[in-house]
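Taking it in order: structure first as structure tokens, then the write-up.
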Amino acid sequence: MQVYADNAATTKLSETALQAMMPYLTDTFGNASSLYSLGQDAHHGVQASRAAVAAVLGADTNEIYFTSGGSEADNWAIKGVAELMAKKGKKHIITSAFEHHAVLHTVKKLEEQGFRITYLPVYENGIVKVEDVKNAICEDTALVTIMYANNEIGTIQPVAEIGAVCHEKGVLFHTDAVQAVGHVAIDVKAQNIDLMSMSAHKFHGPKGIGALYCKKGIRLPNLIEGGAQERGRRAGTEAVYAMAGMAAALTEANDALAQNTAKLTALRDRLIDGLLKVESSRLNGDRQNRLPGNVNISFEGVEGESLLLYLDMKGISASSGSACTSGSLDPSHVLLAIGLPHEVAHGSLRLSLCESNTEEEIDYIISCVPEIIERLRNMSPLWERIQKERGNL
Amino acid sequence: MQVYADNAATTKLSETALQAMMPYLTDTFGNASSLYSLGQDAHHGVQASRAAVAAVLGADTNEIYFTSGGSEADNWAIKGVAELMAKKGKKHIITSAFEHHAVLHTVKKLEEQGFRITYLPVYENGIVKVEDVKNAICEDTALVTIMYANNEIGTIQPVAEIGAVCHEKGVLFHTDAVQAVGHVAIDVKAQNIDLMSMSAHKFHGPKGIGALYCKKGIRLPNLIEGGAQERGRRAGTEAVYAMAGMAAALTEANDALAQNTAKLTALRDRLIDGLLKVESSRLNGDRQNRLPGNVNISFEGVEGESLLLYLDMKGISASSGSACTSGSLDPSHVLLAIGLPHEVAHGSLRLSLCESNTEEEIDYIISCVPEIIERLRNMSPLWERIQKERGNL
Amino acid sequence: MEYSEKVMEHFATPHNVGKMEDADGIGEVGNAKCGDIMKMYIKVADGIITDVKFNTYGCASAIATSSMATDMIKGKPVSEALKLTNQAVVEALDGLPAVKIHCSVLAEEAIKAAVKDYYDKNGIEYDPTLFKEDCCHYDHHHAE
Amino acid sequence: MEYSEKVMEHFATPHNVGKMEDADGIGEVGNAKCGDIMKMYIKVADGIITDVKFNTYGCASAIATSSMATDMIKGKPVSEALKLTNQAVVEALDGLPAVKIHCSVLAEEAIKAAVKDYYDKNGIEYDPTLFKEDCCHYDHHHAE
């Protein structure tokens, strides 16, 4: 059986999205900035896509700027606000300890350039405290950037409340909503969001396209200078097909949101319950306040890369927070941020579901994991030591 | 008859490129950074695409970094080198007066940040003098960035010679080769190029994907921070389908280069000769030293936008350097840079051909243009004045 | 940027194109450097604009606004033509892209310039503030 | 990152997995914090390694290098086992990704540690510089 359970990494392009893309990959190939009919047809594609994305998020059409993905949107929002606010002498940025690297490496770079960065704790449940945000805001705070939902443990942050606190203090609020858009209901106005990053391939749209929501009135400097595309804010000949695919996928996801959430939540909970039966395992991140498709479990005494490669041999695609899968020496900063010891973090497994996963697939995963864990523990000197320490050997 | 003659703006995706993309838009959708088989299949797509692009350009595979297009590549190269060299106190950049806005607006931004910019003249023929580059290089020159071929008038610059002069003086050399790649033979090593920008949609590849060639050893800082994609140099989940499309299109273009050049040069020259029969017209840019598909002609007394919209009504897609088509008040900076008066620049027409254009299409254009010019001149008070000044009325 | 169907109609087959040998008033505004020149000719009888022609060098919207504006004043009293605003022309064309609004201003000014010329030639008195110099007038700019 | 077929073979069905109750030498290197521990058991008769087993906690390449390295010393004189380099293991596996080379170093060290243990237990004299302390040794790191 083939089971794709790494939807937080990327998703399969939906048939609807592909169909929306095809005209722009074939006949309607004109440059959207050109005046002749072929160009204007492309231009309509761009504008219709922008309007569709805006509609789902409660934004105005002109507040949506297409980018090459979530990473670019994060870089643009954070570096842009930093540049804007530095002119007013504001050089302090508040973020959380478990942001995506697109945010963390960007603020790190700003730190080298003289910004002061506050990394808020995320506690054992993987949720930022609004009170902490409030207390961290200073006179010279330029930006608060807190992700909407975490990519590894799926925990959902109190975005509307964080936004409210920021606005009370007159500070701009950016949220990396790459994992949330298309998966939870979002209203940028009601939720007090000033800037928001998204990426199409996380909701069955194409890779290499995303968007930044930037509230009217924020004069964000450009990250990519050049032609007058995106109303002079983001240069580059428009990849109209990709925008159309993103819009179609988001609309599709949004139309089915309630239904998908119900289905996914049931699958997720079944999977969590099934896997927690394995001895010495634990769920990472808040059990309730998490994305409907996210399961993240640590198994003591095993290493994640081996686990996921044995799973791959069984046809199951998954992900891990072990050091080995990242190519670095340390395991996932997310798992360390919620307080896991290194050796437990190395043994983590993320399974991220989508609405096309089935109960049979879930049961197949539940049947495969324990035997692999047993196999790995049987050859693990770490597991041997743990068992000895617990007096089991 | 429908004639697409705006290939310098964008091209139709080739069938070969589309076929190369389809697997990655459907079944092979995995994240190229993931360890399981589906991810590794995608990873092979990325690496094979990178190798194919490198092979065409005489680069090493690891010297090619995929970007979201030519604009991003230009921004990255120029801002990156600026950041790198500023640390050594080098804050002078040499460019030309008729670069693409992706270069010009980027250096403008650097100027605001304290860099000194030298804009070299391009003379009446639209070609930078190597001697001028040599004379402009100073102790604190960080970068020379001169485009390979101009996007409006198609003139080809003495890239190898400029590179040689830069290397003699120990200065890095970047070239915006967006209009050249796939259209002329390029060898980055033999031509002394340190950094080179390209964009797939200019050679029948998909939009929204491009690359930066960055010579081994140049520690270019990142423009887009985040994940470890592109060997840690450019974050963002890889749009594998787009990379595969770019590689297929470039390989196809390169394989047919000699044949396409011969065909295009003949079509181009036929078109130039046909259009220059119109009274008070002139060819812009060097007649010999130009891209095989580029025709750029000014017609006195008419305005370009009207011209190209009347052409559109005849089924012909073209472009103009008039102010109206850019939304700005001034006509094309390129045409002004080669010394055209404003009113002549407003009356310019760019027809850019590709190998699928035919002689019949060229003859159709040649038959349509004069009657439109006549119609516009008949209602043009400017033409009336010109005729009076010349004693023709 | 996008033109309304109305704009494209007037651009494709503009009305009132031409010169007039025996015009009672001629107005020319705009300048070649900026890429727009409009020249309007009016024929007046008993205070009524009996005929109007235009010649325009400029973009599609310059041609379309010339066409629409001349339509709107033909057969009207001179005094009414003077009241034609650029907004009225824009509305009649179902809108213009923001960057093209200046074309409608040019059309309004061209008509005013033609009427002024008619007044001047015929010694008709008028309130000079009606014809305040504008940055787009050809003669004003030509010296640059 | 990508593994050779050889690595995947040894990972999928590793050779010599297990513990050994009556081992003549045991070596354990690596540490849990870094995500790799290798434990090797050797049985020695007449200076020949007659049997070898390993237990490994770590990634696919840690398991594959353990498997390959134990294969390579089984049946060999102890003195030869001591000469096994990590490069030889990497080559035998048709290469390892750059970020995984440390796993092969670990395998080399695990064997050396087992031999040292065998020497120590049996009072065999040796040149101590053969077994210089390395940053990857478990006991060294555990204190951190």
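Think of it as A, B, C and D in the order they're written, each chain with its own count starting at 1.
Just so it is clear, a contact is a pair of C-beta atoms (placed from the backbone, for glycine too) under 8 Å apart; a residue touches a chain by one contact, two chains touch by 3 or more.
Given the structure is predicted, the values throughout are model-derived calculations rather than measurements.
Of all chains, D has its CA centroid at the greatest distance from the CA centroid of subunit B. Pairs B-D and A-D differ in how many C-beta pairs touch across them, and the larger number is found at A-D.
Distance between subunit B and subunit D, defined via averaged C-alpha coordinates, is recorded as 56 Å. Subunit B and subunit C, compared by their mean Cα positions, are separated by 40 Å. Centroid to centroid, with C-alpha atoms defining each point, subunit C and subunit D lie 91 Å apart. Residue positions of subunit C with contacts to 2 or more other chains are 1.
Across the assembly, subunit B contributes 35, 305, 309, 327 as residues in contact with two or more other chains.
Partner subunit D is touched in their complex by these residues of subunit B: 35, 40, 43. Within the complex formed with subunit C, the subunit B residues making contact are 301-303, 305-306, 309, 313, 322-324, 327, 329, 331, 342-343, 346, 376, 378-384.
Residue ranges on subunit A touching subunit B, taken from their complex, read 4, 6, 9-13, 18, 21, 25-26, 29-31, 33-39, 67-72, 74-75, 100-103, 105-106, 108-109, 199, 201, 206-209, 222-228, 235-242, 305, 308-309, 311-312, 316-319, 325-327.
Contacts from subunit D toward subunit B in the complex involve residues 1-2.
Taken together, the subunit D residues at the contact with subunit A in this complex read 1, 11-12, 14, 17-19, 28, 32-39, 54-63, 99-100.
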